[in-house]
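For reference, chains read A, B, C and D in written order, and residue numbers begin at 1 within each chain.
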Amino acid sequence: MQFDPFVIPFNIGLYFIITYVVVRCIIWFRDLSRPDKLRLQRGFFGKPFGESLKEIFLESLIHRKILKSNLRLGYMHMSLAFGWFLLIFFGTVEADVFGDHHLNAPYKAIFFRFFNPDHGRTGFESAYGFLMDLILAFILSGLLLAVTKRFYSRVVGMKKTTKLKITDRIALTSLWMIFPSRLLAESFTSGAYGNGSFMTGSLGAWFSTFLPVRELAYPFWWLYSLSLGTFFVLLPLTRYMHIPTELFLIFMRNSGIRTGDKPGTYSEVQTYSCSSCGICIDACQMSFAAGINTMQSAYLLKAIRKNDDVSHMAQNCLMCGRCDQKCPVGIELSPIRMIQRRMEDSENDFRTVYKGYFRSQQRPEPVKPVMPPSFGFIPEAEPKKVDVVYFAGCMSHLTPGIKNSMVKILNASGLSYSFIDEAGGICCGRPMMLAGLDREARELINLNSQLIWKTGARTLVTSCPICYKVFKESYYLDVEVLHHSQFIGNLIRENTVKFNFLRKRVVFHTPCELGRGSGVYDEPKEVLSHIAKLEKSKFEDQNSLCCGGSLGNLKIDSRDRIRIATQTAAELTKGDPDILATACPLCKKTLSAVTGTRVADIAEIAAEALVIPRQQRNIAKQIRIIKELADIS
Amino acid sequence: MNKHVIVIGAGVAGLEAAGQLSRAGIDVSLIEREKMTGGHLNDWFKLFPDRRDSREVKDYLEKFTNNDGIKLLAGIEIEKIINGRGGVKVTTSEGKELIADALIVATGFDLFRSSRKEEYGYEIYDNVYTSADLEKMFRKGKISLHNGKSPETIGIVHCVGSRDEKVGNLYCSKLCCVTAVKQAIEIREHLPESKVFCFYMDMRMGGAMYEELYREAQEKWGVNFIRGKVSEAGEDINNKVIIKVEDTLAGRPLKMELDMLVLMAGMEMSEGGRKIAGLAGLNAGENRFFAVTDQHYGSNRSSVKGIFFAGTCTAPMNITETISHSRAAATEVISYLNNK
Amino acid sequence: MDKFGYTISKGRQIDYDSNDRRIAEYIYEREPSFRLCIECGGCSATCTTGNFTRFSLRELNILIKRGENEKVRQNIRKCMLCGKCILVCPRGVNTRNVVVLARQAFQKSDDYAV
Amino acid sequence: MKLEGKKAIWSEYQKEIEDDHYFYVRSCIRQNFFPGSEVAFLRIMRDVLKKDVYEHPCHTTCSGIGYHGDVVPVDTAMTVVARQFALMTEAGYSNYVPSCITSFGLYTEILDTWHHFPEVEERVRKQLRQATGREFKVPGNLAHASDIIYKFRKEIAEKAKYKLVNKETGEPLRVVDHIGCHYSKMFPSKGIGGAEYPYVLAGMIEEWGGETIDYPERRHCCGFGFRQYLVQANRGYSVACSKEKFDSMKPFKPDMIITNCPGCPMFLDRWQYVINEMEGTTYGQNGEGIPVFTYEEVAGLVLGFDPWDLGLQMHQTDVEPLLKKIGIDYDPSDKYRLDVRSEAVSNEILVNA
């Protein structure tokens, strides 16, 4: 037997999806910018290729990252992905080795038992059959978890499960039906022929005791083929598009392509690579602290795929970056969200099913009308020439303790510095950026850049991680940008300033913009362990929490902020530390409002521990006078 | 023989004082000029800030006054008060003479007569009402204009007859702000499509749960607050009320067309109280309410021996404060009688 | 008019009934906390922009509510969105969103196209 | 509108007005603006009501216009007023009747000041003595000329030839009464009906068959505002004020406006023309303006005086539509005739002031 009509649905589905994916990849490739095209070519034919293969194996099949973060959920994903892969792989081998011909059409492998019902009675064949049954059982166990998850998320250790739309529902049902229908089809066939391995065989034998298995087998082979066909055809409309897209993503990422700040192929590929696993939802404090479950990254990406209006969703996020850290697919979620913020409101154009097969291509940024500068009212300043510029930042003006402490430390350092926004300065521009208003942000950046440039300083110290991030990333300044925790760290390392050791137990809260935002994790902790007894908390480094005060979220209301802050403070003060330390005026202000524990900025603790270098300062003064005299001469 | 105390006025203060004295075994004669006890409670529907029915409070008060120890003389005026060695002798309009060991004056307050603020046109323009008129509408369950239709835009004027030198009342009546907020919410409950504007000079929301009510009015009911004293009201051809006010926070005069204007009448010394003051030789204080001997520890005492005050005849108070003040009055009377 | 040497002066009065309050409605709908403002002026006092110019968020708030949109349109873009106002607001008004929404509303409305 | 409420207020604000022997003092500007009005007042008082009204040829301005225009200090104003009182005292009168509302306001203000601060009165007496050698008595009764007409409104109605009624329809005419700001806004108790709902003109309208209109901007100033008009740069405010009133009264379809102040009829009348020139807006029916009258003119019309004797040809907004509505018999060709029919000016010798 070479062919049977029931394979037609499967064949249609398979060839459709292969063609679809290939065409789509070609279009994606075509739309890449020239440098990115080169990167991808180099990546594909170069060393990163092996890396990519390894990653595909580890992440797309084994789902190592999900396994690490959640064993049961990982097992579910692995059993389905890796199991199915094994089933296809060994099925193909089986068909190749035991079938009539070598190099069979795919359906021959998939429906091997239908075409070779008598197979598997003897030694090696039966052992192979055992292997195939084992793989199927492996998949089915995962499927059982998946089905249970749909109805009761706790089973797989997840708190939230993503919400589904109708096409997703059909696709999901067809996916669920694939393996049970295969099991039944194979079991009935085995029952009819009296063979089969431990599962299909025994199930078939049992069925044959009370069912007309020979007649029943054929419809189930049809069902199996139909389920596969339906699944493949609906694939582009559903989140399962992530299965092929993710492969492409891995190659692109390993070739060094990054999201950038405009919509493009990479952001689109990422959008389609999301499997809606929901790990981002679990990681999100908006969800677990404030009970808001509508705006998490999985939902955002889905809404983008559906071309829904996402402006509100995009802005309703703390931008803490916790989901970026946790995403098993490695999607750059925050940059994608930022792209959405920069876009004008897209009209909610409802997509038909037919349209869904085409790309939900994000419109390029509309040309904004030429507007007069927003900040023309800001007067030009003439700052004095110094080596170090201290920029406290807007928020630090609401926490005078921080700026006063920094002044104390800067004075002790003996460096020539200028407190550039002592009488109130201009905003750094990051809050504007976070609201998606890049043009205005650029205006502020230019104004501040000019001011800093005029001082001739080599070092820029800021107390605010929000400012730090934007100074570091978006200012084109030829100065070393330091957060004050790094600056204090340098003073300690160079032994310029001496600090006492405070007998106080301190827990450190890593500010989002400093830690995940800018990758500064260790320096603040080094400073703290130098001057006090630093204790660990459950939420360290990449896993640190957001204080809830974030400027990233334009939409959250004050009560939800307080909920998040309260939970964060409670988690961090579980060990009852003397001080809850942070390195951000906004975190300090937010957290101190919701906890009885003393909340202090690292600068304040350092200033407390500071040994006033009386003599040293005098010397420094003299040196400065001598230097000045030398300059004059 | 049992001691005997006369309580003048059977509103919240009088009822509570009488109830307290009676429970202490003192005979009480409770004199009320109206036919019905309860005073202003009878005119109000729901009470701030918890919005309970005023009848519940009235029922509570009357539960303790409905006994043999208290003789209620309703619908009776007082003609003469003579304070002598033997006690206080009160002559009623029926010619009856009552002799008591002490007297509690609980004559309460009168609502400011809003037509005195002529510029607001109360009793002249068809759709200008007072807070008391609105309460009657709430009790009936229907808010309607002169022509029977439901209003869509309603303005509420705070401080009508309070904090107003022009009508001779320098003091704050304390309750109008919260009443305005309460009534604004009730209007919005009755008429979900309506828009309500409160025109205030200051929001004086000092009582328990008042500020929360204010916030609720803004957040849940979308009541608009405009800071400025309405200077005048006029009526246009469609019988709408046109008001002029300065939006002091915008620094601009503002004109608005309203279907209904509600005046938050303040509290004044009652006419009955003034009569008693004359009969008993009691002094009025700066705000024409009864003068107490000390603002801190003598708020129930009058300058006349054996005569005490309870409730809003001494100053504007809410019901909670009135009841507390009346209990304090009862305590004062008991200790006075014990040491006599 | 030259003929008389003077013209009819425009009143300063806010004509509440004929003013366009759509901008306010747009914001109320999307940011309900806008209603909670009690005009204390905390935001204006701490304002980074207010340090340089007469920009007052408190004033703009009330002008939006009264439908006096022109002054708001002229000034709203001066805000740097730094967020200090959120930290000082005693009523928890999400002031940054109010500004962002006001900008949006003006941009969307043909009557106020920038 | 609830009339009972107004009646309650009116009953609270009544004032004593003597019923004969008046010392009449003219207004500075009315003699130019509406010269027929004061003549009409004298005619009504003397010829119709047979009252004794005395006019002193040496009386001057009360200086109120300068006082409210911020150019005359209060002490000067008080001394000038004291001189007027001296003339009254010398003539043997004590019932002082000014024709001008601002004068009435100023006299009231000054008398009230003297009442509260007798030392000021003493000072003014001294100043008057030093300046002119005159002595004065404070008037026994101060009433504005419109108060007098109000007092005799019933007598006038009895003798009336016409009523304020539309002859065609029989409906009462819809009349806007505009009270000068200085009549009772400063001292509500000194005006008939008080400040919020003055009754002085409403009472005449009611008595003579018309119906008053209560429109939202009833209390608003006519727009004169002294500096508002006197300084050209401010004049736009003056027009704006009148316009606000017209816009507000227009829906009520008024047939006429009656005023009791020198400035108000001037501005309500002239600005209608200016607004029409500037914006093309008219406020009456059929593209016409709303005719504006002084109360004397209306009293004269009702009594059957010739419109042109009353000086109605001096109005900028045509009065003819109203004359037709009432059915007043007049000769249109007489409107601009040149011979003056008014009484001969009294020959009293001008005494050195």
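Keep this in mind: a residue touches a chain if its C-beta (ideal position, glycine included) is under 8 Å from a C-beta of that chain, and two chains touch if they have at least 3 such contacts.
The shown structure was predicted, so the numbers you read here are calculated from the model rather than taken from an experiment.
Colleague: Quick one: most central chain, C-alpha centroids?
Modeller: Taking the mean of all protein C-alpha atoms as reference, the closest chain is C.
Colleague: Provide the C-alpha centroid distance between subunit B and subunit C, rounded to the nearest whole angstrom.
Modeller: About 40 Å separates the centre of subunit B from that of subunit C.
Colleague: Using mean C-alpha positions as chain centres, tell me how far subunit A is from subunit C in Å, no decimals.
Modeller: 37
Colleague: So, what's the distance in Å between the C-alpha centres of subunit B and subunit A?
Modeller: 63
Colleague: So what's the Cα centroid distance for subunit C and subunit D, whole Å?
Modeller: Spacing between the chain centres: roughly 46 Å.
Colleague: Among the residues of subunit C, pick out those that touch two or more other chains and give their numbers.
Modeller: Answer for subunit C, listing residues that touch two or more other chains: 32-33.
Colleague: What are all the touching pairs of chains?
Modeller: Here the touching chain pairs work out to A-C, B-C, B-D, C-D.
Colleague: Hey, which residues of subunit C end up touching subunit B in the complex?
Modeller: 12-17, 28, 32-33, 35-36, 38-39, 58-59, 62-63, 65-66, 68, 91
Colleague: Can you name the residues of subunit C that touch subunit D in the complex?
Modeller: Going by the criterion above, the answer is residues 1, 3-11.
Colleague: Going by the contact rule at the top, pick out the subunit A residues touching subunit C in the complex.
Modeller: Residues in contact with subunit C: 312, 315, 345, 369, 371, 374-375, 377-379, 394-395, 397-398, 423-427, 429, 431-432, 434-435, 437, 440, 444, 549, 551, 554-559, 586, 589.
Colleague: List the residues on subunit C that touch subunit A in their complex, please.
Modeller: Going by the criterion above, the answer is residues 30-33, 46, 48, 51-53, 77-78, 80-84, 86-89, 92-94, 96-97, 100, 104, 108, 113-114.
Colleague: Would you tell me which residues of subunit D are touching subunit B in their complex?
Modeller: Within the complex, subunit D touches subunit B at residues 1-2, 4-6, 8-9, 194-197, 214-219, 248, 251-252.
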